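Structures given as structure tokens follow.
Both complexes shown next keep chain A, but they swap its partner, so chain B is in the first and chain C is in the second.
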Partner chain A sequence: MNKFATIVGKFFNIPPEDVRDELTPQDIPDWDSMNYLLFIAEVEKEYDISLTMDEVMQAKTLGDVRKCLTSRGITP
Partner chain B sequence: MPDKPRHYAMTLRDFSFDDITVGQTASFSRTITEADVASFVALSGDKNPLHTDPVYAARTEFERPVVHGMLLGALCSALVGVHLPGKRALYLGQTLNFKKPVYPGDTLMVEGTVTQKSTATHLVHIAIEMHRGSEKVFDGVASVQIRPL
Partner chain C sequence: MKKCLVLDLDNTLWGGVVGEDGIEGIALSLAPPGDSFIAFQQAILDHYNKGVILALNSRNNLEDALAVLRTHPNMILKEPHFAAMRINWEDKAENMRELAHELNIGLDSMVFIDDDPTNRAWMRNELPEVTVPELPVDPARYTPFLLSLGLFGEGEVTDEDKMRGNMYVTERLRREAEKRFDNHGTFLKSLDLVLEVRMNDVPSLSRLAQLTGKTNQFNTLKRPYTEEELKAHMESAAHRIYSGRLRDRFGDYGLIVLAIVDTSETPWRIASLLMSCRVFDRGVAEGLVGRILKDARAAGQSNVSIAFQKTPKNEPAETFVNRYFPGGVCSVATELATPWLTITHE
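The block that comes next holds the complex of A and B.
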């Protein structure tokens, strides 16, 4: 199980094996604004990175968040 | 007019997100009284005899009424909302681990340490511990967003 899917599963309460890049808040009932902030903070901690506020606010899908990692040379 | 409760005397801090650094700490001391427990019973409705009935509590392994664990949770709220970061705090979450029983009359040192700071979300994580003397009775982690104003 990859780390990114595990974090997504933990914060959004979905099975990690169901995690896909195209998922949006409309697809995940527990993806609310508060949970999203906690999720981002966990991603930053686990990958030891700092995201920008623009990146966080502009991300519309899980794939967008994943791209924030790959743009830093991280394979999520 | 009755005196204000003693916690009103606490100075309200007002740290902005930029003011906060990882490793920053804040603390306060509080003696838990029987009146605090009675107030918590009235507020929460939790009148479990382990907290309220000395005869019942005497028959348990605790031997006397113990303070509600969630009353210690309320002290976390005071730490976050008044001391660290204070005024701009928006409490998003909290873990709670009750390590040892606490009794009315115990004096606790409540201390928080910033362990993580997220610039993108203005979220901080604060590790909170409570000690009775050298004995740790509580630990947990608060997730707090620091609002602009």
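The block that comes next holds the complex of A and C.
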């Protein structure tokens, strides 16, 4: 199982196999501000990175968050 | 009431001097002292979102300053937030006159924020109409200082996107800070939390109504109130509406706790108590209820009762009620201790 999808599944309460790049807060009922921040904190911890304020605030889809990882040379 | 916040850049909006340290070298990361500057920028952005005009008056090379404003990934304030800029090596008082002219506002409606005491003294001397607050030396004190100035009137950010922006920034800074503490109590103490309690706060009606509609988890009675209903309660002798806003060293949480109290009965009855999920485990509900108990005691009551209705989501409220209101009542002598929280009254 892909680690990124597992984290998404755990924080947003969706089956990891349903995780898609194009998903937005509208598609995921549990994607509220608080859960999103907890999710970001977990991503930072798991991949040992620190996202910038712009990255955190401008991410509109799961794919945007994943791109923050790939731009650091990480394969999520 | 002031209209415009005029800001310096180096050591005011970020730590260090961009002309010497470079864009990579200025302090604007999630670690201290950068976190204090990020928090300060967010507090300034909150002012902007409430209608305060922002302007810059700084001694820098224009291209250095613009590079930070346009490209630094942790800048909360961006170029378009500033209605006018004077970034040059000219006299700051002359810059100020030009800004007032360009923005078509009076010097007496402008507030100048600069970390350099010499610049402040010069501005006061040259342009006594301009308000020049004595900015604290420690950047960690900048945000609480700005929030307590009270120069820009009240006003509440109610736009959901803007509130979310504030929350992303300030909560991230808090989470980052919390990692440096082993103990949650010590962390809470380090936040310098201040809860400001108000009674029947008419200017905040729209935010209060919004809270009653949106709060699910810490809510003793899920029932959305309209502004008109809340206003009628505030005006009636039979009710009091207590509300509280919270701030700490990272920023303003806004209005986050509300209680509707029926004072026509004996004992007084809390008809509704609700708190935003942003401030769980800050002791805010304890603080507000403590104030209600104090007022009830002063009015000759010996207990206060509370109404509770279970919903699928309101377990946090249930836990609170069971803890402090066993059997539905709480003695006015009960101490609700929250030693890390300073409570102020209007």
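The criterion applied here is as follows: the second predicted complex is superposed on the first by the 76 of 76 C-alpha atoms of A that agree within 3 Å, B and C clash if a C-alpha of one lies under 4 Å from a C-alpha of the other, contacts with A are read in each partner's own complex, and residues count from 1 in each chain.
Operating definition for what follows: contacts are C-beta pairs under 8 Å (C-beta built on N, C-alpha and C of every residue); 3 or more make two chains touch, one makes a residue touch a chain.
As the structure is a computational prediction, the values presented were derived from the model and not from experiment.
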* To do: Considering only the touch criterion stated at the top, classify A:41 as touching first (chain B), second (chain C), both, or neither.
  => both
* Regarding the shared-chain residue A:71, is it in contact with chain B (first), chain C (second), both, or neither? -> neither
* Looking at the overlay, does A:55 come into contact with chain B only (first), chain C only (second), both, or neither? -> both
* Quick one: classify A:33 as touching chain B (first), chain C (second), both or neither. => second
* Once the complexes are superposed, what residues of chain A are shared between the chain B interface and the chain C interface? -> 34, 37, 40-41, 50, 52-53, 55-56
* Could you please specify the touching residues of chain A with respect to chain B in the complex? => 34, 37-38, 40-41, 44-45, 50-53, 55-56
* To do: Using the touch rule from the top, collect the residues of chain A that touch chain C in their complex.
  => 33-34, 36-37, 40-41, 50, 52-57
* Structure fact -> Touching chain A in the complex, chain C uses residues 29-30, 38, 73-76, 164-165, 167-169, 171-172, 175, 277-278
* To do: Spell out the part of chain B that touches chain A in their complex, as residue ranges.
  => 92-93, 116, 118-121, 123, 125, 143, 145
